[in-house]
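Below: a set of structures, written as structure tokens.
One chain, chain A, appears in both complexes that follow, with chain B as partner in the first and chain C in the second.
The block that comes next holds the complex of A and B.
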């Protein structure tokens, strides 16, 4: 089975800034990691390879330093890595990113499955996966929590949706975005790290892709960031201390009064009838 | 003038609450623009009576695409149906819910329509002068807010988190049209087959649609103590959430997990006990209407985000709180006349 894993390098801290002029993220000077949700996709890919044979190729779009993320994926057990990098891609929104990635996939050749994390922890849109599938015209299954089977040219997956799990069969090739419960990621081994160091990555620039330059980067992006601001994180709410018996009684009194004042207990706030279907039932 | 659209969601012919929340948002935008508001429904079968509620809650027209193949969500079929309708009627704004289906469908159609799409918007407005949609969303775990617009592409599309706005009250006097549209059978995706929807799965929790969520974290110390959280949730009639630590320790299952690698929720009330408030957790609850934190550490990050913070021992506080709330609700039920 030929598996491609779309990954993203993301900042490791909350100290990320955005450039107020271009409205894009400043990634320099911040430690980077593989997007934590992509680790589940990498793990699933490696397990599928272990069961069915084949090859796993991790690919990413990013600055040249994103090679570190690909090396980490290889150290975990992927066989190869493709870095899609070019100044022409900078400032891409999800539309332009997915377009460039789709052209990179076209260049990579035949595949059965594309896996990705449900979203990345920096942009947090979850859009690139479904967008990529649309470009490639292959079925997309998002929020995949487990795979029941992956053979005979199709996969059966369980999608974690609001009401429960949707069981779906899809013909391969197809694209899956996965959530945490799909697999517990392994750590890279020493042997894996050595293999990663020895493995040369393929690097695709804009000129290597059969892509319309007008659809790349900031100018190819339909959405434009017009303003960035830093929200107030604290709410400055009341704080009561419950450090002894009397304090605890008092705290519970005050909390109950607070909830009542906000009408969160007295009425049936749950208003289950208002929510259609059985979705709200526990 | 080009309309504003909202994409309604339904299950088994019953509209979901988020459909009406979207209309409240859409109504505001349509009024500012001076255009009609349409609600688009994709369903296998749905009654006029159900659709009528969309009009009573803000829509000027309802466009309902019906076909048996729309019984369960299949992205490609839904996308083709919507793309065809959008190409024909050219709405200027399309809003959908940031749900498992909305967040799958909208990116897919954005590619095909060559449209801009902004995820998880918390505020929507119309820019003076240009009439462009201003879409504000949190990024990087909610540490940054970005206002985004799409100047040169139509439609301008957004997903909006469920529960981030209240539905308009029903107004039986409102009038509007209901139009039923057959699905072109060629749009039915043959490569994907829905095998079923498993409800009431053990360990599953519907956090996204719950009005009240009570969550527990590492401070609960061991699996047995998680029942303290469940009991308070039961008393409040809410759902049970958990921090990543609690899930990783096996105290409860992943569908309960709140935060960046779990679910992002906006309940009316979020109560958490023994949760320290790592930024990844806070990112999942920032849009909750009221946050109550119970943690023995006065410096815990969660207290800063809380509307009401209790510094103390959760093992002392939770049982008392549960008892008091259960008594209140019982008292209210007895006193109420329905």
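The block that comes next holds the complex of A and C.
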């Protein structure tokens, strides 16, 4: 099975800072990692390869330094990496990014499956995966939580939807975006890291792609950021604290009083629970 | 030894010296000062009064008063100790230095596993170790000087801002690790070093604990000194992973080493890590996993850090041990642990600082075992464990200290001559025996 995994390099931080003037993310001085949600896609791809044989190729669009993300994917068990990089791509929104990636996929040749994380932890849109499928005109299954089967030219997947799960069959080639529960990602191995270092990445510039230049980069991006701001938190929270075990009684009383004052619980409910809970382990 | 009583008049005198808000004597608030991280049920004891001095002068005033009236004084930092050192086991005055825990600095390489809770003063009193001791050493290496309030209520400066100092006996380092029995440290001069800019972790899987441990001296001998080399046996890893809902691939694996390399630039650190990884593979490791970013590093270290917590959830009745043996003897102690565990029907997960030969073998009661059976088995199993440790030239505590918990075993690990010298020192410093009495040994 030929599997492509779309990954992204994101800042390794809990606090993403935005440049208020340009409306873009501040990436300087922050270490980068593979988007954590893409690791699940990489893991699933490697597991499918282990079951069915074939090859896994990770690909990404980004600055030249994004080769680090591809190398990490290879260290985990991917076989090859494709870096789509060119100044002409800079400033791409999700539309232009997915277009460029679709042209890169067209150049990569035959494939059965494209996998991607459900979204990236920096931009948080979740659009590039489905857009890529649209450009390629292949079926897309989003929020895949598990795969039942993947052979005979079609796959059966369980999608995580609001009411529960949805079991769907799709013809291959198709694109899946996956959620956390699909597979717990493995750690890169020493052997993998060495293999990654020896593996040359394929590098595609704008000139290598059969793409309309007008659709690339900032000028090919319909998204315009008009204003960026941090939302003000207007809700105040109340903390109930117990400094140690001896203080828990008081803290519980305080919390109960707080909830009662807002009619969120009734006093007799608590009393009943206490009686029911007696004898049970605390 | 007969001690004086904490009377209402004495409490009043303390209030006069420190101000009323630095003197605590209601039972509910004092409860927090009656135990540390050891089992409160087993070792806890209430103080008669707790004081929270805010300056060296106040500490001195309290100690002078205690010395005059011959009242036990128990110094206390954050109360995160693991040997009962801060428990006022004879009552008296608990001197909590919580209002004097101030500092500023760069990177303090003594990095106990309890880094989020402990105080530096406590680290000095216990000469704490921790996860980074392989490369950076333990607390004593960083203590250049300190201000001490002696048990007779005098203030003395030992050492100073000097890298070298052989002027007289090295009293500074007599105090480091003295478990608060020779005075109260009120100020310390600590050597700080620049933060390493890069680090890389290896999680190495071995078929057997012996294979894992055999790698440790080899790695050190090759000249690349890791920051830490943590050992975890299969039981420890499984229990911690279960607790964290983590799924490390430990099939066929009997033990793991978690090795951290650090340095000033990523390329060198990566190369060092690879060399260590290669060596492990050469020595028969099943697999070497690499964690070189914050996310993966947090993943592997949280498995190590949560072992103790995971076993507390499984069964809170346990005895956390702190044995230390010559590094080369670690492979010999593991089968002893297995034998003792099997004999008494208890679990003895083993994890700890393999690079220092310091292992936190923990005796854990089987959840189904009756408490009476455990109470009989535990001391017998401990006796056997300590006998095995002695035979290998090891000691009872590598970094947690003797305190209350282990003093009855001191005679097994110390010659009468050495014990005599230690007691003579104690008597010279603290003729009335008021400073943290009942710890390390009993004066009679």
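Heads up, the rule we're going with is that the second predicted complex is superposed on the first by the 225 of 282 C-alpha atoms of A that agree within 3 Å, B and C clash if a C-alpha of one lies under 4 Å from a C-alpha of the other, contacts with A are read in each partner's own complex, and residues count from 1 in each chain.
Assume a contact is a pair of C-beta atoms (placed from the backbone, for glycine too) under 8 Å apart; a residue touches a chain by one contact, two chains touch by 3 or more.
Quantities reported herein were computed from a predicted structural model and do not represent experimental measurements.
Novice: If we overlay the two complexes on their shared chain A, which of chain B and chain C does A:12 touch? Say first, second, both or neither.
Specialist: After superposition on chain A, A:12 lies in contact with chain C alone.
Novice: Return the chain, chain B or chain C, that is in touch with more residues of chain A.
Specialist: B
Novice: Per the contact definition in the header, classify A:208: touching chain B only (first), chain C only (second), both, or neither.
Specialist: neither
Novice: Of the partners chain B and chain C, which touch A:36 in the superposed model: first, second, both, neither?
Specialist: Touch status of A:36: both partners.
Novice: Going by the contact rule set out at the top, does A:79 touch chain B (first), chain C (second), both, or neither?
Specialist: In the superposition, A:79 contacts neither chain B nor chain C.
Novice: Using the superposition on chain A described above, determine whether A:188 touches chain B (first), chain C (second), both, or neither.
Specialist: Touch partner of A:188: chain C, not chain B.
Novice: Using the touch definition from the top, say if A:246 reaches chain B (first), chain C (second), both or neither.
Specialist: second
Novice: Considering only the contact definition stated at the top, list the common interface residues of chain A for chain B and chain C.
Specialist: Touching chain B in the first complex and chain C in the second, residues 36, 243 of chain A appear in both lists.
Novice: Tell me, which parts of chain B touch chain A in their complex?
Specialist: Spelled out, the residues of chain B in touch with chain A are 10-12, 14-17, 72-76, 79, 99-101, 103-112, 114-120, 134, 138-153, 189, 191-201, 204-206, 208-212, 236-240, 253-255, 257, 260-262, 268-269, 279-280, 282-283, 286, 290-292, 298, 303-313, 316-317, 320-321, 324-325, 328-329, 332.
Novice: Residue numbers of chain A touching chain B in their complex, please.
Specialist: Touching chain B: residues 11, 14, 16, 18, 23, 25, 36-37, 93-95, 98-99, 121-131, 133-135, 139-143, 145, 156, 158-171, 174, 179-181, 221-231, 233-235, 237-243, 247-249, 251-252, 254-256, 258-260, 262, 264-272, 274-282 of chain A.
Novice: Please output the residues of chain A touching chain C within their complex, sorted ascending.
Specialist: Residues 12, 31, 33, 36, 75, 184, 186-194, 243-244, 246 of chain A touch chain C in their complex.
Novice: Provide the residue numbers of chain C that touch chain A in the complex, in ascending order.
Specialist: 28, 31-32, 202-203, 246-249, 274, 277-278, 281, 287-291, 293-296, 299-300
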